[in-house]
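One chain, chain A, appears in both complexes that follow, with chain B as partner in the first and chain C in the second.
Take a look at the complex of A and B:
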């Protein structure tokens, strides 16, 4: 496996977690360890299941296990179809008790994504987060959100208003245009 | 009068104009995350006024909060003060039921050194693990939380290297990195039990929140900080096979005359409990419920001795005499 070729960053600290008796001494350090250990498990799972979810390609930063990026495929039969969207994950030290911060790096026209910042309005990334979610399942939830926008709590009001006023065609053509402009994988 | 009228008008105008200059840009820049951070900072500031798990204090100390309040409550506090030896408050951060249960249960094991109970609860925990796997949960998402609970359980049993004292138990339950993990363990167990017996829980959940069992677990059980209700308590008590008494300090008065304090015993359904006989199980975990919050109550030692082996009716008549 690829991970064994990179022995000198986040992997080396993982074993410490199992000891467990002296963590009161360094509680903050323990929190870091717990989140690292968890992320390491997710990392292994992602490596193992690479082919299981062809729509999601989740990659951990080479030098920092708290930074991840993902490439997700726009769901079919939506204006995002055929687009590839990049997400940036920033994982807090308190993970998995606290949710990762996720935003779109690729421009997207969607009621629940901030048009400028790429911030995502999704309950599981806010108050409905639980450690039962993983970075991988968050990606799946974001793909589901792309297919099922919630125009009643819009971050992108223009997009939300089109849907709320019933102008499905207007919404789809705008979303399609931005997919074509920003999310089409470059050939070659 | 005129002055008074003028002032606010001017003030509003000023606010509006200054708002035009800066607010619009600012509002654009404010992200959900900033709002969330501010909100959690406010909550944290409020919550930090009390530890996750407080110190023992006399039950009568509750009275201070109700001096200007209802006489019924003050009467009930007097009754509670006679019946219970002490109170231990927990932080009102939405996790108070689970936190109270955690401390109360671990302290009970620490005091009784009941190895039979530890083995029994470990078997229940194993069942919960299997339940979650059967429900399709990924093991690595919950195993750390399970592991940490088992670790605490073993460390309150004396006689091994990792054994801890009562003081250390208090310290651990106040340490977020342990306390929150154990709370989360209970949330997983509760959610698993509710989903496993979704047919049983469905009508209660519909009554509470008009949500499906799945939605309820996702939004009201698994996320940290979501408050607990009857459904959570029933599920946790059943899943772990641990009876829980909840004493209600509310303004309901009693028709029988004289002040008595209601309580409800959550007695686990037969599956998990040893023996299976449901008669006179005396919960050793007693929580005080005030609308929106749970704290820990300590029984009078005398009271326990008096009631050992006594039937339920005797117990009731004692508590209302």
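Take a look at the complex of A and C:
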């Protein structure tokens, strides 16, 4: 018999009493408590370090701690510079053992981002995930991906082909056009 | 007839295939044919020769490993590495896994560049995080603080609480064999998660899974071992790569080809077999249905399914042939004379007289390529089921009838080996014969000489096998019932003789087929020996079949 400590924070009543020691019970108990607890820690961290990383602004959904959105700034010296891109996070119950699902809400022209759905092809969001990553560090990784596209495993083939054929200017002007169309903050 | 030459060459060959490694305690009761025939009353010489030929066939170039053998070997390898490199057992285990369980490769890599190997495997010695004297540490997964005794870490020192470790390892184990190379959760950290941590942190169920993966990796990663593909069999087979025939026989009595892990198919090569099996899976279902439910149009040979209506069939354009479904005859000849339009008495009458020649029809149909396939497939499948039956009979013989026979005729069971040997021969020959049909299907049709030669040998071999099978199955029944002992002696001579003759025929067939389809080049001296046997056989066959002038 294993009794988990009841978390003493504002999150909804999490009451977990796991009976028996089988893996399923144990891991179910783990994910119910641990994912919430961990997300709450991350939430507090984000609140405290609000100004630590000016490129990333992570916001938790008011009613659901498993839904997050982020605003990230396009890295400088790339066609995404000056753009602000919105990301949607959907965190699974097994978090942080399983990676969060992330997609771009803002239209972006990038070889590793699906042009229609905004789905992102990034190894750390798939098989190279490690529980040591946080939502904040995932944002960092996505910014790095924007600066260093991986044209050999493209989700957006048009974009990938431009880069692979060496047409850097063509790629950059397309990417810049979509940044200007979709990612520019409204003035005023 | 050919016993003298056969014996001579067979003895020569024997010198090359030293049978020292023949595993005597092998209690495989399936197809191993003993070669000591001293009990036999009939012509010892000829049997001795062919007996040796079979022993070549059964030379052991492989070892069957039971689960405990595998564990033992794995343990031995780990212990050896651990002793030579003076590292802990668990580290030795990780090293071996990285180098596909090859002790030599581990030695080589380790002594050429230990640091690189350590890094690749994750045996990091320096700690990335210095242990502090804090009373409490923060787990970097759940971000909670824990007293130091609730915190665990790999050799790198990155601290995580035991609950998070357990969940992290469990997730990885349930994801598959990748758990064997599990690293510290910090993405940039190479430190491996050791077996010690797995032992202490996860549930017994997961631990069992982990060790199952570890055992499997010993067989699956190793170039020289493979699992027996028979369902429910836990044995593995270690094969001396590059040593002749790929056919191996597991302790569960299943024989398979070590190269392609299909059922044993010597003398047909793996490529032909895989083509044939693919064709069977793609077509056999269709084929069975077509055979059961359709008849070919007598004119254009397209299969036709009759789903309703009268016997008056009209084939679809452009053929438009009109015929009777029952007798497949021309419809214009049907009418009152033939018993009305709905029942063809021509067909009934012909069937009664036996004039309705099935085989004639079959031969006509074989022109069709679909029918050609059916022709081979049917024979392949029939021999397959015949072999299954023979295998069952062999076991029945060994377990029940042998004792009965021994009691009835007052002969010790040791002298009844020839019966078992005959049945073993039947089982083996059915297997070979089965695959010759796959071979025949792929033999180029235009290559007439080769085809005729092959079909001639196949026909001879098959006829002899039928004689042997008939003798072992039907005539033996008499001696289980009545029948005197004198009769039994002559039966013994006959059956043993047939066994030996059949063996020779199949050996010829095998040699002829492998000469054509040889892929891997054997060692030079083996080649020379084989050439000599082939040359002698060729002459014999040419002379027997009266085709000397045609071929030479």
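The working rule: the second predicted complex is superposed on the first by the 160 of 188 C-alpha atoms of A that agree within 3 Å, B and C clash if a C-alpha of one lies under 4 Å from a C-alpha of the other, contacts with A are read in each partner's own complex, and residues count from 1 in each chain.
Everything below uses one rule, namely that contacts are C-beta pairs under 8 Å (C-beta built on N, C-alpha and C of every residue); 3 or more make two chains touch, one makes a residue touch a chain.
Predicted model only: the values in this text are computed from it and were never measured.
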{"item": "Contacts of A:114 with chain B and chain C, given as first, second, both or neither", "value": "first"}
{"item": "First (chain B), second (chain C), both or neither touched by A:95", "value": "neither"}
{"item": "Partner chain in contact with A:66 - chain B first, chain C second, else both or neither", "value": "neither"}
{"item": "Partner chain in contact with A:123 - chain B first, chain C second, else both or neither", "value": "first"}
{"item": "Dominant toucher of chain A (residue count), chain B or chain C", "value": "B"}
{"item": "Common interface residues of chain A - those touching chain B in one complex and chain C in the other", "value": "21, 23, 27, 30-31, 34, 37-38, 41-42, 45, 96-97, 128, 130-133"}
{"item": "In the complex, chain A residues that touch chain B", "value": "20-21, 23-24, 27, 30-31, 34, 37-38, 41-42, 45, 96-97, 101, 114, 116-117, 119, 121, 123, 126-134, 155"}
{"item": "For the chain C and chain A complex, residues of the former touching the latter", "value": "140-144, 158, 163-164, 166-168, 170-171, 174, 185-187, 203, 205-206"}
{"item": "List of chain A residues in touch with chain C within their complex", "value": "21-23, 26-27, 30-31, 34, 37-38, 41-42, 45, 94, 96-98, 124, 128, 130-133"}
{"item": "Residue numbers on chain B that touch chain A, as the complex places them", "value": "28, 31-33, 36, 137-138, 140-142, 144-145, 151, 161-162, 168, 171-172, 175-178, 180-181, 184, 187-188, 191, 218-219, 222-225"}
